[in-house]
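Chains here go by letter, A, B, C and D, matching the order in which they are written, and residues are numbered from 1 within each.
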C-alpha cells in the first residue's frame, strides 16, 4: 500500500475523491450538514475556474437561488442539478438510504433528523454521491430499517437520477443500478480490502486487484487549505476550524 | 389593515392552542422571540409544520410540551448535533410525527396557495416516507402509461408565523429572497410577522423594494422584535450565535438541562 | 455562462423555426425589439405561448406569418380595440388556436417549473374552453367525493423570450415584481433576454436587488436593447406609446395597411 | 320616471351603480379593458377611506401584487378576492358568458379577444359583476355560441363564486343562481321596461313595479370627477380623457 503523506486528513482525502467524482458538471448542489461535500464542490469549482455552479443551501454567498427554499427542488425537477450528496444513518447494499430511524417506525430505538429532500432528489439528480464517514456494520447494513429513498426503482417509475458512488473513511464504492450492487473501486491509503469486508454488512462486487485511492496532490491540498477552507467557514465554521484550522471570524452573514 | 402591535404578545393573539402553525426553515428568518413568547404563554397542542425543516425552534417547542403533531422533513441542530428534545419525543412517543420530504411540503403549501386540492410530486414511489403517509395518494398518472405518481393534499395552515427584516405601517413586509415566506402567507388563513424594524415609507412605492415585499393584505399583525431570530441567523443581517447554540445543545441533552435552559432563556430571558 | 451578445440577432439564435416560444403579457416587459428582429429574420411556424395574454406582439407575429399555433387566453389591443391580424387569422383559419384561461397557462408553466407532468386547476368544468382542449383532462379528484377537476399537462417551452430593466455580466437579470418571467425561465429549456442596460456590478451581491433577480444559470443569452419594449410599456421605466399603438390599430385594420406598417417599422425601422 | 340631471354620463351612472354593488368588501380586483369597473372600484375605495383594497391588473399604482401575473388567480383561489368584473361578447339568460367567438368555434364568423381569466374567476370569486354597456339582442342573447364560463354549475362542481348582477346602459339585473335567471331590479333614468324587454333576447324575472336606478349623488359625482378620474388616467388615458375630460399627461409609469 502507498501510505498517504501523514499530514493529509481523512476529510481532505474524501473531499478530494468527491471533487474528482463531480467531474465536468454544470451545477452541483450541497444540502444541509454536509461539510465534506461542500469542501469537494468548492474545490471542484476552484479547479474549474468558476464551473460548475455550486449552491450551498445554507450559504448566502454560494447560493444563486432567488425563488426561496423550493427553488433547489424545482431546479432539480427541471433537470438542472447534476450532482447532489446524500448520507444516511443506514445505507444498504441496494443503495437504499435511511435518514429516519432504527427499529420500528412507530416505536423507534433511535431517531435521526429526517429524510430532508432525499425522497425526491435521489430520483431526479443524475449523479447522487453517497458519503458516510463512519464505515461500520452499524452504518453500512444489509437492509435499512426505513427507506427514506430507494437505491433503484421499478422500470415504470419516473427516475432520471440515483446513486453513482459511496465514499467512506475506508474506501470508495461505485454503484451499478442494473446489478443493484456496489462495487469496491478503491481502498484509501492505510486501509485494506479485508478491513472493508469486515466492516461492511452488505455484499459487494470487487475486482481481483483493488487499487488504492489516489490521495490529493500537493496543488489540490494547497487549494483546499488556502482557498476553499476560508469560503467554507461561512457555512461550517466548526468544521473549518477543526479540519483546516481556519479561525472563527466575526463573520456577519 | 394589519395591526402593528406594540407588544409581541398582542401580535401573537391569532395563534391559538391546537392550531395548524407553519414556520420557516432554520436559515430563513425564524421568529425565535415570538416562539419564546408563545412558550411563555403556555401554548398547547400545536400542529407544527416546519417548511421544510427546523432546528432550535421545533426542538424548543417540543421540549416545552407545546406540540401535539409535527410535520416536517427533518429536525436537527446541524453542526451542533441532533435535536435532543425532538429525538426523545419521537422515541418516547410523546408527539405524533408526520415525516415528509422537503419538496412535498413546498408543494403542499403551494397547493393551498393556488386553491387546488392537491399537487403531484415525482420521487417518493417505493419509499417508506410514502408508505407511512396515509394522507398521500399514489395514482396512475392520467398523462402517463403505467406511470405512478404521488398526489399530496393541500396543506392550509391556520397561521403562518415569520420573522423578516422590516415592515411598513401598512403591514407590507420585506422578505427579500426568502420567497417561501410569501408562499406560507399565501397558503395560510392568517399571517403573523415579527420584524427587526419599521420601514419609514411604503415598501410597495419603491419598485426595487417591492420586488421583495409581501403585500400587507395577507398580514394579520406585525410586531417589532429586534434580533428577533436570535440565536438563529437572519439572512444578510446577522449570523447564528454559535456559542449559544452549542450551549443549547449541551443543556437540552437532558430533561433537567432543558428545564434550566427554559428557565434561563425563555421564562426569565436573562441573556440576548 | 450566458452569452452577452453585442447584436440582438446573435442573442436570438436559440429561437429556431418551429420552436415552442413563450412570451410575457403586454404589461410585463415585452421584448418588442427582439420580436421585430425575429420577423426581419423571417422566423416561421412558431408555437407561440403568450403568458397569459398578448397585444401588439402576438398580432405582429401573426400578421407577419410567423405563427403556426397560438396558445393564450386573449389577444387584444386593449383601449385601441381588437387585435386585427389575430381576428382575421382566426376567422380565416390561417393559424391553429389553443384557447386557454389565464391561470391555466400559469399553472401549466408551473408544472414544467416543478418537473411534474400536470397541475390541477379549479374552474373550467362545463366551459367550452375545456371542451375544445383535448389535451386537458377532467378527472374525479382522488381527494374528493364525486368532485370533478381539470388536469393540465406541463407546458415546457423550448425558449422563453423576455425583456427586463437590466442584467449583469454574469447574465443575472433583474426582473423585479414580474415574477412570471422567472417562472417562464424556470419552465423553459433556454431563456433569451433583452435588457435596457447592463448593471455595473453583480446583482446577486446586493440582497435588495437579488430579491428581484433571475439567476444567470437559467439564461442562454442577453442582448442590450434600450427601449426594447417600445411601443409597449416597461413597468416602472416607461409608459406605452399610445400614439404609436393607435397608429398600429389603424394601419393593421387592413392587409395593405399592415404591410405598410411592417415596411415602415419592422423592416426599415424608421421611427422609434 | 325621474329624469337624471342631463349632465350625468352613462359611464358615471354605471360606475355609481357598480360602486354600490361592491358594498362592504375587502378586496376588489379589476381585469384588463374594464374602465367602468375600475372607476367604480376606485370610487368605492374613496368612499371607504382606503377599504376595499383595489387591484387594477394593468396598473402599477393600484396594484398590491408582487408575485407576478399569477398572484391574482392564486389570491382568488385562496378566497381573498371578493369582487371581480366580467363582460362578454355575448351573455345569456343563464349567466353564461362568451368572450371567444360567434358561430362555430372551428370556423367563427366573429372572433373576440379570448376568455382571459373568466373560465376560472367566475367559479371562485363570490361576487362577479357582469357589465356590458351595449344592451341589445346582439349582446344579451338567448344562448351563447361559446361558453367561456357558465353562469351556474352542477352541485358536485366546486364553485364558491359566480354572477350576482348584470349592469348595462339600460338597466340593472340581479342574478339568482337557484332559478338560473336574471331579475330586472331597476331601469336607468330615461329608459323603460318595455325598451329593456325589446332589447333583451333572453327571458328574465321582474317585479310588478320596476324601480328607477338611483343616479349618483352630487357628492359621488364630485368624487368621481375630481378624485377618481385622475387616478384612472394612469391605466385608461383614452377613457379618462373622453368621459371625464382628464387631459393626457406626460405620465411615465
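By definition in this document, contacts are C-beta pairs under 8 Å (C-beta built on N, C-alpha and C of every residue); 3 or more make two chains touch, one makes a residue touch a chain.
Since the structure is predicted, the reported quantities are computational estimates derived from the model, not experimental observations.
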item	value
Least step count from subunit B to subunit C, where 1 means the two chains touch	1
Which of B-D and C-D has more C-beta pairs touching across its chains	C-D
Approximate Å spacing (C-alpha centroids) for the pair subunit A, subunit C	41
Centroid spacing, where centroids are CA-atom means, of subunit A and subunit B in whole angstrom	28
Residue numbers of subunit B (touch at least two other chains)	107, 114-116, 121-122, 144, 147, 149, 177, 182, 210-212, 235-236
Residue numbers of subunit D (touch at least two other chains)	65-67, 73-74, 77, 124
Overall pattern in which the protein chains touch one another (line/ring/star/complete/other)	other
Listing of all chain pairs that touch each other, if any do	A-B, A-C, B-C, B-D, C-D
Partner subunit C, residues of subunit B touching it in the complex	107, 114-122, 137, 139, 141-144, 147, 149, 151, 153, 175-177, 207-212, 235-236
Residue ranges of subunit D in contact with subunit B within the complex	26-27, 50, 53, 64-67, 73-80, 124
Complex interface listing, subunit B residues touching subunit A	24-25, 27-28, 51-53, 72-76, 78-79, 82-83, 86-87, 90-91, 93, 99-104, 106-107, 110, 121-130, 132, 144, 146-149, 177-183, 233-239, 242
Contacting residues of subunit B [partner subunit D, same complex]	1, 112-116, 182, 186-187, 204, 210-218
Of subunit A, residues touching subunit B in the complex	32-33, 35, 58, 60, 65-70, 73-74, 77, 99-101, 105-124, 146-150, 153-154, 156-158, 236-239, 248, 251-253
